[in-house]
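In the two assemblies presented below, subunit A is common to both, partnered first by subunit B and then by subunit C.
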Partner chain A sequence: MSTYTDKIRETAQRLLKECKVEMVIGFRKGSQPMMNEPCVVRSPEEVDQLIWDSNCGINLANYLTNRKEKIGIVAKGCDSRNIVTHIVENKIAREQLVIIGVPCLGMIDKRKIAAAADGEILSVTEADGQVMVKTAQATQTFAKSDVLQGNCSVCTHRNPVIHDEMIAEPVPEQTDVDPYADVAEIDAMTPEQRHAFFEELLAPCIRCYACRNACPLCYCPTCFVDESKPQWVGKGQDPADVRTFHFLRAYHCAGRCTDCGACQRACPVGINMRLLTKKLNKDCLELYGWEAGLSTETRPALDDYQPNDPENFIH
Partner chain B sequence: MKNLLEHMGMEPDRLHFSWISSAESTKFVAVVNQITAKVKALGPNQRFVKKAAKVA
Partner chain C sequence: MKVIKIEKSQWSQGLDNLRDAFRLFGPVIEKGFYDYRELAAGQAPDLSFQNTRLSPKSLVFPQSETMLNYSLDPADPERNIMKEAPKDYAPRAVIGLRPCDAKAMVLVKMNFDTEEYQDPYWLNLYNATTFVGLACDAPCGTCFCTSAGCGPYHEEGLDVLLTDRDDHYLAKALTDKGAQLLEKAGWTQAADADTIIEKAKQAAEAKVTSKIETDGLRAADTMALYNAGFWDDVAFACINCGTCTFSCPTCWCFDIQDEAYRTKGVRMRNWDSCMFPIFTVHTTGHNPRDTKTQRVRQRFMHKLKYFVDKYDQGIMCVGCGRCVRQCPVNIDIRKVSALMNALSVQARCAV
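Up next, the complex of A and B:
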């Protein structure tokens, strides 16, 4: 992984020196273990801040919206798909970007580590598919494959779909995974069970909107939840309001979500709201053969009419 | 939309979509009858309903 870091710094430095870009968006080490933060580098002298490891789960496409500069951006598979979505939705122009592609082997789920670790975590390092967690008491080792984020363990687009530079050879894509097993499980329930399942899933939600803010798709100047004239949805924690917020947030991402996992990662109470967006991803795939962010040439599923679009829900 | 609502536990017969031209009065009546029958069979909606404002 440190070779990735070197290569990213080298690339960023070259791009800045040659004035190909005005800034490079990447990651730097966070103030706590497993909490790398987005970072904007504007001069060649600053590139040593940039790093890469398995804690770069934030989706950097989120920082491109409506920017006017020429930007170098570090992008793993899912970031690149959200960059494509941004280009298709006119939130950034392709010509403004130098995309520094990073083949990705998955990000670590900080909650899985925290749950498995014995005491306060002092540092987390990795080597050869192993993750070493140091606490005050001991050092524990986990197989990285056991502590991956849920979305990464079933990811089928690890390599950037669009890039100008690549910092390593592409990694093999996973082919033996079923990304929608969890959705299918819910679909197998009765409506009563499903209702109860989501009631429980969403009960801890404190309406902080971190999930919305972390998502590159949520760029409206005023979100429907913040509007008060008219007020579309109650702002409190009534279960019906919480459910309506989650329903609509997910629906606004229909045909656009790349299952990058940034929303779930950002949630302070650990809600897996991806179970909603994934249902829509699954429907888009099954009904329209559509996966978001794979090409700048095609129009998104909900933005396109085909005479053979399924319409069996209409009487 | 219907699929996601059902995924979240809304009953399949609760929400209906139709496309009826202003000239299709018979279809309109038929669809309304159909929907009323289906929704009556389900009974009053309990989901996505705000009961009363919670006062802490």
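Up next, the complex of A and C:
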């Protein structure tokens, strides 16, 4: 991973020196184990802040929305797909960007590790596909593949789909994964079971909106939950209002979500709201053969009509 | 005040004795995380926690609270009259809140209980509650209470302070309320344990190694801090969610909303957050804190400077570390305070 870091710094420095970009968006080391902080560097002297490791799960496309500068951006597979979506949706222009592609080997799930660790975590390091977790009591080693974020363990687009620079050779894509196994489980439930499942899933939500705000798709100037004229949804903790927020937000992401996992990662109470967006991703794939953010040349599923579009789901 | 020894074998009986006089609340573990809940009959608080994910502020300041009810029914002679919502202000006791969270109650009280205004909702719940604290013998690495005007054995805001001594608790009654609770529970065995508690306190304080730097802030020039060059860099990663403010025991902002359906309506208040863009939007549409940087600056300036200037009672942070642990993009108040403090040293003499 340190070679990734070196290559990112070199590339950022060159782009800034040659005035190809005004700023580079990437990650710097966080103050907590398994946390990095999105940051921006504006001069060649500052590039040593930039780093790369398996804790770069925040989606950096989120930081591009409506920016006017010429920007270099570090992008793993899912970030690149959200950059494509941003370009298609006119949130940033392709010409403004120099995309520094990072072939990604997946991000580690800080909650999985915290749950498996024996006591409070003091530090987490990684090498050769292993993750070493140090606590006051012990040092534990996990295979990285066992502690990946849920979305990363089933990701089939690890390599950036769009890039101007690549900091390493592409990594092999995962082919033997079933991204929708969890959705299938919910599909198989009776309506009553499903209702109970979602009730329980969303019960801990405190409506902090970290999921929405971490999502590059959620850039509406005023989100429907924040509107007051008319007021679409109550602002309190009534479960009906909490669920309305989640269900409607998921629909607003239909055909756009890249399953980057930033929403789930950001949630302070660990809710897997991705289950909602994934169901819609699965529908888009099955009905329209559509996966979001793969090309700037095609129109998104919900933005396009084909005479042979299936209609049998409309009742 | 006196110290009582509670054998752990007497613990649950004592709690049961309290149930006639108090509704009991305490930490319980749910899906791997601790939170405060009302304890069911026979349920004991789970005191093996380090700290809860969300603070206990919701016990006196619920996230959503109905203030008033009204009828919109044209046939109702009392329609359109706001009426106090019925509430249960019977005595309650929180068993096992951490000293930092108790100190936070004291800070929040400065806002809800002033000479000019006394917030009835907050005060009624606060006054109905007896706070039984649990000293921290194993603070988290992200706790910095000792440099935030607080500490693992801090007593402010508590009625009783418990110390866990393996097979027994030592309970220090700090107020009359606390002494009464201990008596009601039937815990009466006096102990001469001041030295034991003092030693445990020193050992616990020594374990809090994380610090916040604030010594220069009081004397610093407010505008020099406000205009500091670092705010854009501090704010860049922030996604303006409510995580830091909602999980913070000292954040007290709320928003009042009316919700009406058919013939009935409620006026309620909900937690609000200075990090939300709509927090400051005027009815004209103008937003005086229109940018992320302004909002992030507001949060830190309020906690570390405006509060200090207004009350002169230290910072509006007790060092619980929740915002540090839970911010999705790792914005760390200790780092920000260090930046502000370093500037303070230069900005002290600014005019």
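FYI, the second predicted complex is superposed on the first by the 312 of 315 C-alpha atoms of A that agree within 3 Å, B and C clash if a C-alpha of one lies under 4 Å from a C-alpha of the other, contacts with A are read in each partner's own complex, and residues count from 1 in each chain.
The rule is simple: contacts are C-beta pairs under 8 Å (C-beta built on N, C-alpha and C of every residue); 3 or more make two chains touch, one makes a residue touch a chain.
All figures in this text were calculated on a predicted structure; none of them were measured in a lab.
Peer 1: Examine A:Gln174 and indicate which partner it touches, taking first as subunit B and second as subunit C; both and neither are also allowed.
Peer 2: neither
Peer 1: Just to be sure I read the superposition right, which of the two partners does A:Ser31 touch: subunit B = first, subunit C = second, or both, or neither?
Peer 2: The second partner, subunit C, only.
Peer 1: For A:Ile314, select first, second, both or neither according to whether it touches subunit B, subunit C, the two together, or no partner.
Peer 2: first
Peer 1: Which of the two partners, first being subunit B and second being subunit C, lies in contact with A:Thr135: first, second, both, or neither?
Peer 2: After superposition on chain A, A:Thr135 lies in contact with neither partner.
Peer 1: One more residue to check, A:Gly236. First (subunit B), second (subunit C), both or neither?
Peer 2: both
Peer 1: Which partner does A:Thr65 reach: the first (subunit B), the second (subunit C), both, or neither?
Peer 2: The answer is neither, since A:Thr65 touches no partner chain.
Peer 1: When the two structures are overlaid on chain A, which partner does A:Ser153 contact: first (subunit B), second (subunit C), both, or neither?
Peer 2: neither
Peer 1: Which residues would you name on subunit A as touching subunit B in one complex and subunit C in the other?
Peer 2: Residues common to the subunit A contacts of subunit C and of subunit B are 234, 236-238, listed in rising order.
Peer 1: Provide the residue numbers of subunit A that touch subunit C in the complex, in ascending order.
Peer 2: Checking each residue of subunit A against subunit C gives 30-32, 35-40, 58, 62-63, 115, 120, 122, 204, 206-210, 212-214, 222, 226, 234-238, 265-270.
Peer 1: Residues of subunit B touching subunit A in their complex?
Peer 2: 1-12, 16-19, 31, 34-35, 47-51, 53-54
Peer 1: Considering only the defined contacts, which subunit A positions touch subunit B in the complex?
Peer 2: Residues of subunit A touching subunit B: 183, 186-187, 191-199, 234, 236-238, 240-241, 243-244, 247, 250-251, 254, 276, 279-280, 283, 313-315.
Peer 1: Please output the residues of subunit C touching subunit A within their complex, sorted ascending.
Peer 2: Touching subunit A from subunit C are residues 30-33, 50, 53-54, 63-64, 140-142, 233, 236-237, 239-243, 246-247, 255, 257, 259, 268, 270, 273, 276-278, 324-326, 328-332, 334-335.
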